[in-house]
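Shared chain: chain A. Partners: chain B in the first complex, chain C in the second.
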Partner chain A sequence: MTRQIVIGLEVHLQLLTKTKLFCSCSTDYIGHTPNTNVCPVCLAVPGTLPLLNDGAVALASRMGLGLRCTIQNYSTFGRKNYFYADLAKAYQITQYELPVATKGYLDIECDERTKRVRIHHLHLEEDAGKLVHPTADGRLTGAAYSLVDYNRGGVPLTEVVSEPDISTPEEAKEYVVRLRQLARYLDVSDGEMESGSLRVDANISLSNADGSLGTRVEIKNMNSLKALERALEYEISRQNKVLDSGGRIVQETRLWDDAEGVTRSMRNKETASDYRYYPEMDLAPIVIGDEEIEGYKAGMPELPWEKRERFAKSFGLSGEEVSILTEQKELAAYYEAVAAAGAPTARAANWVRMEVLRVLNELGQDISDFLVKPEALAELVTKIENRELSSTIGKEILDLLAREEMTLDQALERTGARAGRMSGDALGELIRRIMSEQPDVVETIKSGQDKKGAKLKFLQGLVMKEARGQADPKETAGLLSKFFAESTK
Partner chain B sequence: MELYELSAKEAALGVRTKKFSAVEVTEACLGRADKFEGSVNAVITMTREAALERAREIDRKIARGEDAGLLAGVPYFAKDNFCTRGTRTTCSSKILENWSPTYNASAINYMNNAGAVMMGKTNLDEFAMGSSTENSIIGPTKNPRDLSRVPGGSSGGSAAAVAAGYSPLALGTDTGGSVRQPACFCGVQGMKPSYGQVSRYGILAYASSLDQVSPLARTVEDLAISLEVLARPDPHDTTCDAYDRPSFTAALSLEDLKGKRIGVFEGFESSQMDADLYGALQTAAGYCRDAGASVEPMDLPIAVKYGVATYYVTALADASSKLACYDGIRYGSHLDGPTLNEMYVNTRTACFGEEVRRRIILGTCLLTEGFYQNYYGPALKVRQRMVDEFDELFERFDAYILPTSPSLPYLIGMKETDPNRLYLGDIFTVPISLGGLPGINLSMGFNADGLPLSVQLVGQRYFDAELLGIASVLERVMGKPGVAEPGVKKSTNTHKDEGAK
Partner chain C sequence: MKMTVDHDITLKMAKAAQLRVEPENVGQMMNSINDILDFCALVGDLDCEGVPDFTWRMKKRPSRRPDVPENWPDRELFESKAPTFEGEFFKTPRIIAEG
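== the complex of A and B ==
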């Protein structure tokens, strides 16, 4: 029996503000000495009050608009009360009843069809600090004491809560990829799962035999896209097994153990925390006027799907090409600059998505670090298009440009490709020399034994190699046949 | 007239015009405290040296011809729940017994910038939870008008300091009556401004939506001057309204109450309150009429019936989360335990007093799933109904008068065994707090036993200046309270000490 899989995701994005959500401490907390990136407000020193960072509201609103949500004119904060050492106030300031943005959607592509995942809402909240356990494996078990580092406490997050519209682990992964892409396009978050600036919790249930909704299980601690996919796959098979054997699913929170590849029960409904939500009276409500919302709308950059459509249309590119080129907005911008500098769009697209990405990968660089100016790549690609250069030498030149500060002219010089296109007499002379250096091969061809033309190809290859790619393959082939015809007369 | 008897206005004027020095005023007030503190016990921490140094600084400023501020050389005390940089701030609690903040509350900065001289930190009920200033690490404060009686609370130390002439001014906080009621018990003027008038930054919170910094003084004019200094937008507190306040002192030029519509509260059985205080209310109504006001009876059925319940649900729920930060990890007293939870339990059980623990536990229960829907949710709705009730009322009235407290100051140790009765004493003050309205306790002299009488004057939210104007007209008739000579009243005729029933 196949049961329908119902998945909803809660994605936390760390917002790219300079300062924390309610104080002036930096959001750049990684790698700092513990408890140096703190102030009376984020340490919850008595008497202090939170002050809302308007930049965080702007970013959350942008993300909300990107997800086609309604931005609320009026939203409020609440207190989520629980005692834990990493939470200085013993409550987290979050949005509960009235979040900043509601009811939107994100379209994802899966199995070559588009699926719409509805967004329930998006809200602002502060991050907690971190507990450090002085054990070899860094786990709480066996630790004689624990240390608290509040450097991260108060860093702004936006939580995007989807409706349970996701039906497979693959869709879940695709949803996170698209959400992350959107967040990066909007400069809302850098969305790095490894560093924790993007965190995903999943709610998953399998429908009952009669089609009604099953019991929901929450899964936490998935620190990569791979982990998300694996955890969901594991959980589907676990729940299926339980149900197949006549058991029932318990409503609970489970932690994904990446090393063991299993989920483990963390707490069930009976032991779940009652967060005693309470309105945050220390903060005035967030009021965003219609004009302000219009301002945010006007300031929205081109969104990933808009860019995809435009690239396909104006550059005549295929769906797959467009997908790769627009994956990162920086790469897309680079490609556009190459095209704008006059490069033939199809060949430029090929070069950017194949060669540029290859070189970046080899060098471990981002496109923002790339030394090759779009204009230089445009010229290079144009020369290849015009057959002034072969692809082989073009790649060699690109490798050079990417590794050293130099102009295209200098690179052409360095590779010896500077002399320009070899043809006519010069090419003929080179072919004659090579033929004279390969008498056996020439004899074989002349005697008609080169039935498949392999020997002729071999000669042609030698010519091209000697010509450093500057010979036109067609002309070379033409000259070769001409010389053989002459010599056999 | 002795220097300690001067009002803040007179003291500042004298200092600025070099009639006497700030040091002389400060010394006179310190002398007063030296003389009576042994019996009154109003002060937790005296900052004598810092006060004298500050007074010398003010004098030097004046000698140089510089502007020393509106409150130049005026001594004041602050309740010990205002953060004071480098001076311990205990909230009368064992949990903060040895805690010194690294920053000043905004109100303290405003006072200091205006040239006022902080003398020390006054006693309060632990975390401002109480109305008798008996629940404190330093023991109860006594009422300077009669040392056998409580000064009211929770700002009892500040009220007692002003009544005993330790200073012409003091700062308190009023959450549900914590300044108006002790002002009533100690026979001084005290004002809770509209919610949002004064920054709460640096106030150790009890309930965020109700707490308001509130001055105590012996004249209405000094209350107005205090608001002039204190009421302003503060970038550190977004619940402090960001608009330019009108001049509070200019409003005092009001000559009479002609054209004013004053309501007199009649929604409470006269038998349910102390006869002298009921009489004071009627007298005050007469004064209003004499001053030219049209006076009509009024009632607050919702506020009277549900006010106290709504207040406690609201305040305790808030307090349970605001006091959760005292976990013994980052600051304050700390007791160890084998696990994190036991550490919390040990610290909070040993270092919070009984009343604070009771309120935290009640507040926690109120927010628990199931209870929230039955208590906190309805309380929020009733609070809105009360605001509506007030709004309707202010279509008919510019201000209204009602008692501050249903009872005269009671004997020390009398009521603390019955928390329910203690709570009922708040019946006239808490609705005003829930409505965010400004309220002034106006002294009206004494009864036959020498115990202070007063009335509460309440205005529309944000109409603090207008309310001060009306108060100043009435004060001219009622008289300004003088400095008490602390002692035990040997009255044969003790009033019935039962309070509200």
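== the complex of A and C ==
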């Protein structure tokens, strides 16, 4: 039987603040010596008190506004009790009953339709430290003790909790992609799953035969978008098999094992009472006045969907073009700068999404590292549009500009493209020279043995190569045919 | 309203508190918790009609701080005070209990 799939996601985003949530230790911990970004507050030395980071409140509010949530004027912190050593206090300071933002939504595109995923709430909480287990594989199993690095302990997180509106693994992936894009547009988080600054937990259930919601299973430890999709696909299959064989689903937390491609039971699912939430009496409530909220609203940048709409209207681009160009706001800004420098918008869009991305990929660079200034690309694209340069030589020039610091003029000189396009007499002269250098090939063609035209194409290729892509392929083919026709008369 | 706990709730509380309680001791623990709850319930009998909230003046702390990093200079102190330290890490029992 077909059961309805119900998925809700909890996405943790590390906020791009300079300091931790409740102390002034730096959040720049990756690659640092363990336990160097620590102080009495994040090590829970008795007698210390937490003091809330204003920057974290601002970023969480901005994310909340991006998700069209209501920012709460009054929210509070609680203690979530917890029995691992990665938080020195033995509890996590988090928001439980009154979170900072509630009731929003995020629209996603899936199967060429728009789906609205409602956001239940967004709250602030502190990250845990890192446990290192002194075993060969770094796993807890078999470890006699644990080693703790508290550099990450206390780094601010915002947790975005969706309603269970997601129906497929693809939708789940798309939701995370859009959420990450929003966080990056807002400069709230870098959203890197590999480094752990974006972490996803999924709650998934299959509906019962009567249509009511089934038992929910939580899945953790999915460290990439691919892992998220695979874990959900596996879990759907596993739950279907259990139910088909007359079994029942146990409410539990399962860990995704990426190497084996399976989820494994970790523990029975906690309920709120297991965490013994308790009001955090060391912290005053977060009071965000209307004036402060208006300030956050005024400071909101253009959001991804707003940029998509503007690009489509202003530059006359297709949905696919807009989608690629606006995927990263830095790439969108680069394209806008190319267009503003006078490049034809359609051709510039094509060059940025195809050639610029190709070169960046080859060089393993981000657009922020790209050596080609927008003005240079605009001039290059304009020359191609005006047929002063062929696309082939244009790509060669772009490759040069991206690898060495030089001006467009220098690149034109270096590639021999300064002379401009080759056509007419100059092209005819080149073709005659190449024909004279290939007498056997010419004879084969003349004698009618080149039935499939492969030899003619070979000659054309030699001409194009010699012309460094500056010859028009159609003109070249036309002139070659004309010369052969003349020589066989 | 007076609250009480029964045998099952007592076991649940013990589990949540990560306490191992032998079956023969559950009754004693349940009675102790109920004694505490009885004592707390006495507070409810107090007549607080017209009694103002208990407040006192104190220097107001800011509720938020600016996002400016500061280094804690005395890291060695943590290392010297930690019960066990190995290399650059705090060393702890591998886990206290499975939830």
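We adopt the following convention: the second predicted complex is superposed on the first by the 414 of 489 C-alpha atoms of A that agree within 3 Å, B and C clash if a C-alpha of one lies under 4 Å from a C-alpha of the other, contacts with A are read in each partner's own complex, and residues count from 1 in each chain.
Everything below uses one rule, namely that a contact is a pair of C-beta atoms (placed from the backbone, for glycine too) under 8 Å apart; a residue touches a chain by one contact, two chains touch by 3 or more.
These numbers were taken from a predicted model, which means no experiment stands behind them.
Clashing of chain B with chain C is the outcome of superposition onto chain A.
Touch criterion met: A:Leu51 reaches chain B and chain C at once. By the touch criterion stated above, A:Tyr91 is placed in contact with chain B alone, chain C being left untouched. When the shared chain is aligned, no partner comes close enough to touch A:Ala485: not chain B, not chain C. Of the two partner chains placed by superposition, A:Ala209 touches none, neither chain B nor chain C. Once the two complexes are laid over each other on the shared chain, residue contacts for A:Pro40 go to chain B and to chain C alike. When the two structures are aligned on the shared chain, A:Val287 is found in touch with chain C, with no touch to chain B. When the two complexes are overlaid on their common chain A, residue A:Asp274 makes contact with chain B and with chain C alike.
In the superposed model, more residues of chain A are touched by C than by the other of chain B and chain C. When the shared chain is aligned, chain B and chain C each come close enough to touch A:Val148. In the superposition on chain A, A:Arg79 makes contact with chain B only, while chain C stays out of contact range. Put simply, chain A uses residues 40, 43, 51-52, 81, 83-85, 146, 148, 274, 276, 283-284 to touch chain B in one complex and chain C in the other.
Remark: chain C residues 12, 16, 18, 61-72, 75, 78-79, 86-99 touch chain A in the complex. By the touch rule above, chain B contacts chain A in their complex via residues 82-83, 89, 91, 96, 99, 101-103, 105, 200-205, 207-209, 235-239, 317-318, 320-321, 324-327, 329-331, 340-341, 344, 364, 367-369, 372, 376, 380. Per the touch definition, chain A reaches chain C in the complex via residues 17-19, 24-26, 33-36, 38-40, 43, 51-57, 81, 83-85, 132-133, 140, 143-150, 267-268, 270, 273-274, 276, 283-284, 286-287.
Residue ranges of chain A in contact with chain B, taken from their complex: 40, 43-49, 51-52, 79, 81, 83-85, 88-91, 146, 148, 274, 276-284.
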